[in-house]
Amino acid sequence: MDIVVTVKQVPDPDIPPTHFRVDEATRTVIPPAGVSPVMNGYDAHALEAALRLRDQLGGKVTVVSLGPDSARDALKRAIAMGADAAVHVNDPALNAADSTTTARALAAAIKKLGHVDLVLSGRQASDTDGGQVHLGIATHLGLPAVSPVQKIDDPSAETVVAERIVEDGYQRLRVRLPALLGVSSEMNEPRYPPLKGIMAAGRAQIPVWTAADLELEAGQPGKVQLRRLYVETREASVEIIEAESPGEAGAKLADKLREARLV
Amino acid sequence: MPTRPIGWNVSEVAFGVMYVLVAVQALLLAYGGTRRYVMWRRGRPLSGPLDRVGERARHALAVTFLHRRLLRPGYLYSGLMHLFIFWGFVVLFIGTLIVLLEADIVRPYFGLSFYQGTFYVVYKLVINLFGLLFLVGLLMAVYRRYGQQLPRFRRSLSDDAIVLGLLLFLGLTGFLLQALRLAATHDSAAPIHWVSYPVALALGGVDPAVLTGAHAVTWWSHMLANTALLVYIPVSKLAHIFTGPANVFLRATDPKAALNTIANIEEQEHFGVAKLEDFSWKQLVNFDACMRCGRCLDFCPTFNTGKPLKPRQLIVEIGAYMNRQAGLLAGPAGPRIDEAGVRGSELTAADEPSLVQVPVIANLIGDVVSEDELWDCTTCRACMEQCPVQIEHVPLIVEMRRNLVLEQSKFPQELVTLFNNLERNANPYSFPASTRAEWAAAAGVQELAQVADPSSLEVIYWVGCMSSFDARGQRVATALAKIFAAAEVRFAILGREEGCSGDPARRAGNEYLFQLLAQANIERLNHYSSEKRIVASCPHCFNTLKNEYPQLGGNYEVIHHSQFIQELISSGRLKVAPGVLEGNGFAYHDPCYLGRYNEVYDAPRDVMQSVAGGFAEMPRCRDRGFCCGAGGARAFMEEKRGTRISHNRLNEAIDTRADGVAVACPFCVTMFEDGVRALNVEERFAVKDIAEIVAAALGSES
Amino acid sequence: MRAANSPGRAPELVGATIAAVLLEAVLAALLTLVGIGLTSAGVFAHVPQAVAPGALLTLVGGGWLGNALARRDVRLFPGTREGSKD
Amino acid sequence: MPGVLVIADASGEQLAATTAELVGEGARLAQQLGGKPVTVLLAGKNVQGLASGLGQLGVEKVLVADFDGSAAPSPQWSIAAAEQAARSVQPEVILLTHAGGSRDLGATLAYRLDTGIVTDATALRVDGGELIITKPVFGGSAIAEFAISSSPSVVTLRPRAFETGEEPTPHGDPQIESLAVPAFDAAIEVLEEVREQATGGPRLKDAKVIISGGRGLGGPENWHFVDELAQILGAAVGATRAVTDAGWVSPSLQVGLTGATVAPDLYITIGISGAVQHIAGISGARNVVAINRDADANIFKYARWGVVGDWKLIVPAFTQRLKELRG
């Protein structure tokens, strides 16, 4: 079974909020010193699922990522984990692009790869939390898509059975291949790369495709524009809630959370 | 002229048979010995030739003939027991050779005889003495194994019984032969056979014909038993007669606290140990050297909390597996040692792969040794410290962990988090490296990078992750900073330039990650003059920097804060008000990587002496101390099997009636702090690092 | 043995037959028999001088035979052939 | 006549609670866009009955697509229905809830209509005739504002982030139009639909809100305080290692270095001192609330709000007030 996995490199989600900074002018994140970006968590689950399917049925796992030069690290990580090949879609015209353009570019890249039985993506990325690009890819490729998926059952050459998470439960769906599945973290625990893999990743040659390679008319404006990116100012130190009685303090706490629209 | 006719009452046929049996004995002895040797040869060759051969030989001789490692505090009984059996065996063997010499060489060729007169008298007196010691030792052994209800002897193997039985039978029949001959021949020199003489007297009244008959029967059974013993040696635990000293001779002589490094790891194709052939031949000898005394279990944290890992079982099972492949009916291959049911044990049969089901061809990891066993180990070194033949359990276990991690990437989920954190943040937690020195700013401690003139510094304080990020650990670091200030020690920390020493990664088998972390630290440390002394407040960092960084080109003078504080006190630089602690004071707990690994036992005790006016010594202390459960990266794993190691140790400390436990390791601190809360004694039982106790003692001064 | 010696292989041992070691074994066995002969002569024909060399030859011969069989991976004990699942 | 199309979550027996929020926000938006109408699409299995309920919310026009198949409708049927509705209504804005099946329905619909989508919005406003969509990004560490240049703008709304319509004028029975769902590629076949009783709320790892208890709670007999709070907030329940070790709750609830690593928007701790092993697991948490009797407890270093005192007195009042706030 030939599987394509889309991976995205994101800022380390474990950055403590107190250390989170953005540049409002360029609308980009300023990562704290010594914190390097990582592979999106859900994508790691998708890759793990792909690797297990391959080990079970044979075939090939190819990872595709769109992003700046640094995104190559996410691809190397994927190879270290056991992916057979990787493609890096890297073009200034695309890197800053919106979700719709990203979907179009990745779809084009997957098409260019040729025969594909299954496309696996993370259900969403931990930076924009959009959870939509993979569905865009499916639409562009005309593939049936199911997301978020917590389990993949009896895979065959023609179909797989996917468990799709819905409110208070799940649906078991038989999906005709080729198809795209948005993988959720319930599915597995991603492996830690064996040293052989890490070394292979170090040597791996990862082809870079530009918008031109994908015959995309680059530079055309995306449909979704980021107008503003900011961090809510908040005191670094804790705000201790004072009150006459503990009970009152408890009630006041509830109000605070309400004000902050957290409950 | 006192002597005896050699071969009295022994027919020519008997003698003929005896010499034929020599062939059988030689054949099977050589076969068994060679089979074991052939197995060892399958191991990897050593990186270099054996070093310090002379020293090794001296040590091996001392251990073998003087019982250096058998006769130790706490092991007087078993030490003497073995001493008696050993020397009894040796002397009786020499005695037999002497008779052979007289009968088959001196007499036939030179027509002379020395086996008479004074020599004969002395010979008999001595032989009787050692014969007696031999029997006494054996009886002690029988009581030890079957009389005393030691947990480690809860189950024994047929092999154990066979060996004891054979030796006892030989000893007894030996004396019986003597007695029967004396009684039958009315030997005038009878009294010099002072052990068998009384028996001879008792037999005095019996019809000589009967005595002669009995003598013949006894002679045959004695000789057959002797043949059986010789043949049994190579296929039983008796092989330790040869493999024991061999293993002692081959022991690691390099800093005992350092794990071997995988050189140019990037080029390797295969990592650690997945099958017997992956061990070095030297390591394979370990498995044949064990004779199951069980001392490795006495202070073993996993055995004493009912976890699957039992060092003896690990060695015995791999040894049996190896011998089955060698085609030897090694004793242990029969029934298995099974310590299930020891106090606190919650083991089910499922926890232990049954050797009986292990075919000759099986997976070393999985069929012979379970992954649980391998991940249980805290690498506390208690087993290695106690093993009389110096089997090196911990390196063997780490080798197998290396294969699981670097090759199969199969390991507890918690370790994935640990490794990812170490990779991303150079600390075991998920804190950005940039926040490492935040505690220092608060405590007014300088980072080296900020020091104008580093050469003016006296020491570099290596803080370690625990004391950098953990609120509890930070209290220790701050206390230490206060002590430095009081003694006017000019120091600084690496702060944001410091990273995890790599100890947890290495002990967990991730040698690659260890080397990455170590190289990063060495680079920075070498950047600042490497002549500087480094004071570490974490025994794990201390051990790694001191004993393992040299493997990667980092040579520093590293001391633990307990040593440095002692130095400051004894040199008078640090004024402490002794006896500031009222109440029952503290019990002192030896951190494994400070004590057993680096033999720093006295410094912390001296410090306690001078600041607290004393401390309570726990029954299990110094080289026989008991682990807190954190070592070997266990601090970052869940303790799912058996009972809690930390609770076991904590209860021992509480039983000393002390008000708290003093430690010298941040991991011990957290393990015990969690423990006191879980045991609900936090109100009445404190956990403190000695640095905190010293800092408190300063309080009255400053 | 050579085969089993090659690293990285599952340690199944290729059990050789006596034939494979015939020559060496026969020599060792002969040596042993000579030794036994000598000792017997020494004992039964009362030539005490024959005993010591006889015993020595028996010892060496027997040892050699055992060693030869072991090196050629001949299995003397039952149930220890490779693959045995007992 | 373009306007706002609300695609209601019709997967349940009755109208999903979020529908009121969608309709409320839809109406508000329609106002700002110049008194445009709000149309609601009900697509699902026997949804006819639900239509009248929409009248109570002040909806005038409802499109009903009734699925007559035996099993539950496949995602593709829902998409076909939504697309058909969108093409017939030609709205400027399409609203869905950011929950359950609607999440991916919205995204796929947007791409089918070749337009842009913003998911999980927490606020909408019309600014110079342009719709500005606010949503938390980077797990809540930052806030982003988006605009969609293509039409229609598809937006999924975070549940409970929006007010329901303030006393809607009940509109009697809305005008109901049934929608014929065109044929679609049946590449996905529904084998079965499994409804699990909401066991312990959302999964720890992905939960937006987590209530965690520590040894400070005193004993397992007090754990129900945590559970109740979680119930009300639809939150996941977490615990410290000490608690799981002590066996008060299942080890699967452990948060920390040796347990789950979590990054919720809101992390409420009760009786947790904040040992490094626990903190290491929540460094990604956006807003930590600490309730602890020891004012020096390490947890306060990481908290945004803290209450010092006996949780026994604080938590019940806190819970009570939350009940009131959430009606």
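Just so it is clear, A, B, C and D label the chains in written order, and each chain counts residues from 1 on its own.
Following the convention adopted for this analysis, a contact is a pair of C-beta atoms (placed from the backbone, for glycine too) under 8 Å apart; a residue touches a chain by one contact, two chains touch by 3 or more.
As the structure is a prediction and not an experimental result, all values here were calculated from the model.
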Message: Among the chains here, which has the CA centroid at the largest distance from subunit A's centroid?
response: C
Central chain (by mean CA position): B
- prompt: Hey, how far is the Cα centre of subunit A from the one of subunit B, in Å?
  reply: 50
- request: Mind checking the centre-to-centre distance between subunit A and subunit D? Centres are C-alpha means, answer in whole Å.
  value: 20
Message: Using mean CA coordinates as chain centres, what's the gap between subunit A and subunit C in Å?
response: 68
- prompt: Hey, how far is the Cα centre of subunit B from the one of subunit C, in Å?
  reply: 37
Query: Which subunit A residues sit where two or more other chains touch them?
result: 14-16
- request: Name the residues of subunit D that each touch 2 or more other chains.
  value: 261, 283-284, 301
Statement: Residue ranges of subunit C touching at least 2 other chains are none
Task: Sort out which chains touch which and give me every pair.
output: A-B, A-D, B-C, B-D
Task: Could you please specify the touching residues of subunit A with respect to subunit D in the complex?
output: 11, 13-17, 20, 22, 29, 98-100, 103, 126-132, 135-136, 138-140, 144-148, 161, 164, 166-176, 179, 182, 184-186, 221-232, 234-235, 238-241, 245-251, 253-258, 260-263
Task: Enumerate the contact residues on subunit B facing subunit A in the complex.
output: 265-266, 268-269, 271, 405-409, 411, 413, 415-416, 419-420, 424-426, 430-435, 496, 512
Query: In the complex formed with subunit B, which residues of subunit A make contact?
result: 12, 14-16, 19, 32-36, 38, 189-196, 198-199, 202
Parts of subunit D lying in touch with subunit B, wherever the complex brings them together: 215, 241-242, 245-246, 251, 257-258, 261, 274-277, 279-281, 283-284, 298, 301
Task: Provide the residue numbers of subunit B that touch subunit D in the complex, in ascending order.
output: 414, 417-418, 421, 428-431, 466, 469-473, 636-638, 640, 644, 670, 673-674, 677-678
